[in-house]
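Letters A, B, C, D, E, F, G and H mark the chains in the order given here, with residues in each chain numbered from 1 onward.
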């Protein structure tokens, strides 16, 4: 609700070009769509830089499909996270792509890619989360590279990626267990780092809490931390930072 | 350890201009200084974009002072966090500035400020953490503005800051208790948001864990979360993002 | 056991109109029914304002059915929570209604509705819990309205409901993840607010604990908080408050 | 921001009686006061039914005093919680009253009391929290009675209060340790119950978490639960419910 | 290893009636049986007052069966906890009895019952744990009575059992959710009380931890608390206390 | 409230020997004393086998003194736990005894001792808790012996106490850190064992939670567990069991 | 990256026998193999004393098989942990051995065994974890003995193993529930002890956390603790210690 | 209690050279000393390889001094951990040495040092814990070297210590915050590693629990983990491993 728009609208009311009732409606009628169990927020992309995304968990297949169709109709594109094959099969929308490892469905990915995001994982088990991040950022229009299985127990594997580390605008690091990789990467680069703890591990990995807390306590200052297994969030933030220069 | 430097060094060894022993030393001699209980990492700024910083907790006053003097001698500048007045008084370094609310001491703050970082707090009790973030980012060379006490119980106070929200390159939000402010701010802007949970509150605020977990679970995707009360980390990340365009 | 009743009973004993043995029995014989594994508390409605309700979890289908039939025989009405379709099919009681999303079965809902309860959810995944609250309050005799999917990431959706917010006697807010919606609603109304944390989310949502703790720490004072996913309790409390005026 | 006010304002703009610039200002100028480290929200009482209250923890004595003076000047009344004698002595405001046990300072308590709130405690150690609730509700204009030390280990003490239980519009129960009192009270009355867990106890009382969780799991449905030691919140909610009839 | 036995053995060695090698063997040869994956401790009953019992969880069906048969051969009796129907069917031991609700299998229960143990539950869902306690104590030779579903939300149901409360030597109370029943029972009797928290409940019942902590914090001093769902342990302790007089 | 007493009272009402008003009063007038912030429960000893005890934490010195004096006047005896020297000095009651290590004050300890309670500790740091148990049980009339510092790292020390282990009616074991001692003692005796976890230790001893959980998980079935550092509760339970034979 | 190798390489560069480009490659080309989702670290054995091992959890069957084949091709041996029969059947590698209880698959176990490792368990349910440790250490080349089911509730069973305890170079103790066995074993021997908490138990065993914390708090100093159920780690450490003398 | 000693004793009894009573005494009289609140275990060194050590926390100064004097008299040496200057000053034992940073007091340190233990810290704040480990191992007779402040944010500092890493028989790593250093060190060496989490850090470092859990989840297998801040335990284990070869 920025000042200029309101001022302009008020001016239109004053000069009579916009009737009072319509102005009221405009002030309130933001472009969302009420489909009973959900209010689809079609203008979120304008407001937040990332379009509304469908988080499948806790929704019925029918609900996910209805919301996706409403979005597809409005904008021709959508992104669904934590989706199952059953959702994908029920969608019946041409052009939709399903990534089975990370459970993402996309439609209408941006063709033009900008910038340079690097996605690393500590191990093979962290790849699904990393893929969620990579697909999300790519969908939004960022150029993304991935280097998997470069954990701290074999630092030489990480060293080989040092050139790519230096070139990246933003680096996403997915790691479970002790979550040490972001600290080590953080010691080697001056780019913003986004750490995603994964639920890889057992016992005192506590479903990813240990990796999360380790990342929050990194001795490298200023690492951005996401919720456990939240590759999607990492992809969004990486894209925002990666494309920040257009604003400046 | 980027490829070009090593190649050049190896070439010098080959043409004999650098003897083997010296090359070996160079490969290993990174500019840190061993003062027995600490190894001061003078080249961290080059490597990580943020100079090594002295975290006072768990160190004796004497240790903090010695490290600060070693840094001051090398670079003429330093930043100390979680510091006490006693540390400040023991430093006896001309030009050092002490911020008593946030416990920061700075020397040699960058004069030239770039970009635009906005720091918000939910309440008055969150100001010390916000100040730690603001002083850090400013020290590193970012332009910083602050708007305090705009919590969600009185949203109109936040609405008044909407112009500044739109103009900021990066937004830092410090909040304790239920930690809801970053989500609400995130619904109003497309800039990267850095959320810093504070230990403000009692009972089930659990020393800031509740605010932390709330921020990690924000329904706005891609919020960067810091450790509890870690204003310093927020300032570092905000500065990195704020000045990213120079790289691109 | 109020004074007047005991006094009256004692007077009857004194004047011989009630024999000692019968008085003793009366003092003790409260109208519950012992069906071996359960003691059905038929007079709970009189005592607590809400009839005894059958919580299905941890009971066998047979036990639930037996208790429901005992209640139905006594009062013609009952309410079962966390029920399955199998329980519903085993009941074979005419007039029983099954709500599959929230797992509630009702029989003998009050026809006459009073007051005005508004039930909000932050997202679509919170609807089952909200429905449990709405069905319960309606069953007990309250008028209930619902507005779903008005989370804080798109505040304009909530703003559209502001008239209904102002008119409600009591507001129930169901939210998972960061649990911020009750605070924002609380900033917009002077009606009592009942917050129900839901287990929506993953990772550090900790099965709803994060939303619970956030709600308990709301910067808006006096929000009534329920156990995680406890829509039933919210419906009971809302009904009690909604109909309080009849007492005053 | 209700529809009618906006419509009226827009009409005034249309007919020219209010210039555009002034309308814009009005839309935004809500009556809060910026005193740098705090934004005092003078109209909160209108909006939320409870005036803004000063929570002392985490604020300097100077900050508390400045905010209290700003409020006193505007409305002649204020309420400070978790306050110390030092704050009280620094206020130097005539008519301010200090309750040392609960750390509350009030000024301008409402003279006229309405309704009937009953405050119970399980033990003597829970009295400070109960007093915080009682003083708050009384300050806001509710009639309050208290019955202390009626814990479940000696149920007869509670039975003696049964007449008062029956007469109360709302009942506040403060209890630590195992937090069982609200369940027992809930079995004896149909009035809304507000349970406040206290940090009384040691070992596995976990600073009040055990009492909190026990209250959230009460087998009596619909008990409203507050944060640990949050007598203030209980007082606010009790007052809202107690005075609800004026709305209906 | 009491003094007299050792003395006697040493005397036998001295007078030559027991050779050195045999004495050594006797000192070490306690009557357990090594069946490779388990060492069946046949003399545990003598040493601890309760025979070794087979805890099925984490063992294969084959292992449970083998241990049970070894015990049956030695003593003609055994007790298996947390057992499945499949284990029971695989046993093929005549006289074995299976309790499907609590998953107990017994063989050779003591015929002669002594003393008086009363087992209470707060609700119907707590019955399986209570049954585990009752079957165990009865197996060991105690007389056991049960009263189920007498939770604190309807205290009159508990009052009806007051005569039985007064007569019991020991009282076992199984309760989940807020775990308040032991405190209320403890206020009505001077017999030792054994509280068994159950995992009944959801959300902040935390799988029984809340009931456990509430019981440990009872305002009635000296309640004996068991692990969550540990009806077996409660039965053992109750039996030991119930039959203590034979020792005195 | 046993049947016979009520029947007799009702009969007296019937025959006119007791007027209605007096009967009502008798039914309600249980011998507690209202001293405003506390209701002293003088007949608790009759009801629960243990007199009401003053838990000092969270009470002011004045409150503790007033309650102690009320008890002393009524019965000539009292027990105060977690007391300070300042409380003792403020009491000014002749015959009161202060145990500084465990913070207990007693007056009117029973002279005649019965039975045989053995109190063990794993280490020297557990002695204060053990002493609280020993003084409590002795005050109530049990004969108590103590053996300190017999932890599992040097089992031979425990072996030396085996005769006393065999003779004890009840055994109290106080242990912190890993809390293993009760299991080992439980393997050597058939007497009831009461385990008291202490807060001895650091790091993952978690203030005694680790010892508590270890004791609840003992592989010896039927160990009675107390709250952390709750020597008083252990003393009460031990006394109840120790004197049980008088009931049987 | 030890000094001598680098010196030698640099010398070769100097004398021209190794071109600059090749030297650079050599410095970086450590013998790992990139199979897209994994980087197989073939030289880990040289670097860490234990070869890279395949942890199956979180990997697809296909991924595990591919990595195992790459390792088999390179070295003729591999070790897979937490494996299923399906993985084993998919491997189709001659000589691979599957241990169904512990889910280990080995190929190419060392024939020559050295030293003496003793593996103990408290109960039968701990055997799978113990077997994981034993198979691992044996695979790496250590001589391993096992003694199962010697928990502290029947110490005489442990006493029988005392000769083997004295002879062992290293002792591994696997225990769940209260985790007391390592402390008792630690009191009987001067060999290094490796404690592995297992997830055996229920309720407050907290999935093994209680045993873990108990072991970390052992009153016997210097016990090495592993993650819950981490028999593999225990086997690795035991082997390293067992074969240490070859280094000295 | 090894077989040979018992056999020999029994033989002596048989041949009459040792009377029965004396044999009994010998079997029981292990060399500990009962000083009332403690049983000093003088032969622990023989049994466990490490002498009994005085852990000061929870003991009075007087108790610590008495135990130390008893040990000094018996063996001329002792080790006190977590000690204060006040304890040191009260000892008045010649030759006792106080280390103020780590709070250790030693007397009678072994002169002859064997083997090679390397102690690393991640930061300066971890030095006190590292010193506790180093002093302990040195006291017991191991040769110890230290390298401090080589955390993962500046890996080159660690690389410089690589020669010493290769030469060490055992490596102790003390680290707080994210606890990543042991994993990185573990990737560089085949020596046994002992990780000691420290309580350095704030917020989600959770007093060292995060570092502890990270170390338990290290991707390098077989790292031995100690309790938080338990430098003493690390020193004991390192010494045992370091001197193991003497046994083999």
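As a working rule, a residue touches a chain if its C-beta (ideal position, glycine included) is under 8 Å from a C-beta of that chain, and two chains touch if they have at least 3 such contacts.
The model shown is predicted, which means the values in this text are computed figures rather than measured ones.
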| query | Both chain C and chain F are touched by which chains? | reply | D, E
| field | Shared interface partners, meaning chains that touch chain D and chain H | value | A, B, E, F
| said: Farthest chain from chain G, going by the mean of C-alpha atoms per chain? | reply: D
| message | What's the rotation angle, in degrees and to the nearest 5, for a C-alpha fit of chain C onto chain D? | response | 180
| note | When each of C-F, C-D or D-E is compared with A-H, the one sharing over half of the residue-numbered contact pairs turns out to be D-E
| field | Interface numbering overlap (same over half, different under half) for chain B and chain D | value | different
| For chain A paired with chain E, centre-to-centre distance based on mean C-alpha positions, whole Å | 54
| note | Whole-Å distance, C-alpha centre of chain E to that of chain H, is 40
| field | chain A-chain B separation of Cα centroids, rounded to whole Å | value | 24
| remark: Residues of chain C that touch at least two other chains are 3, 47-48, 123, 153-154, 159, 186-188, 203-205, 209, 212, 216-217, 220, 227, 230
| Taking all chains into account, which pairs touch? | A-B, A-C, A-D, A-G, A-H, B-C, B-D, B-G, B-H, C-D, C-E, C-F, D-E, D-F, E-F, E-G, E-H, F-G, F-H, G-H
| said: Touching residues of chain H toward chain B in the complex: what are they? | reply: 123-127, 148-150, 153-154, 156-157, 159-160, 176, 200, 202-205
| How about chain H: which of its residues touch chain F in the complex? | 28, 30, 32, 36-39, 41, 44, 47-48, 52, 55, 57-59, 63, 67, 197, 199, 207-209, 212, 227-230
| chain A partner contacts - residues on chain B that touch it in the complex | 1-3, 46-50, 53, 115, 159, 162-163, 166, 169, 186-192, 194, 212, 216-217, 220-227, 230, 232-241, 244-245, 247-248
| field | Complex contact set, residues of chain D against chain A | value | 3, 6-7, 10-11, 13-14, 16, 20, 23-24, 27
| task | Flag every residue of chain C that touches chain B in the complex, lowest number first. | result | 122-123, 151-155, 177-180, 183-184, 186-188, 201, 203-206, 209-220
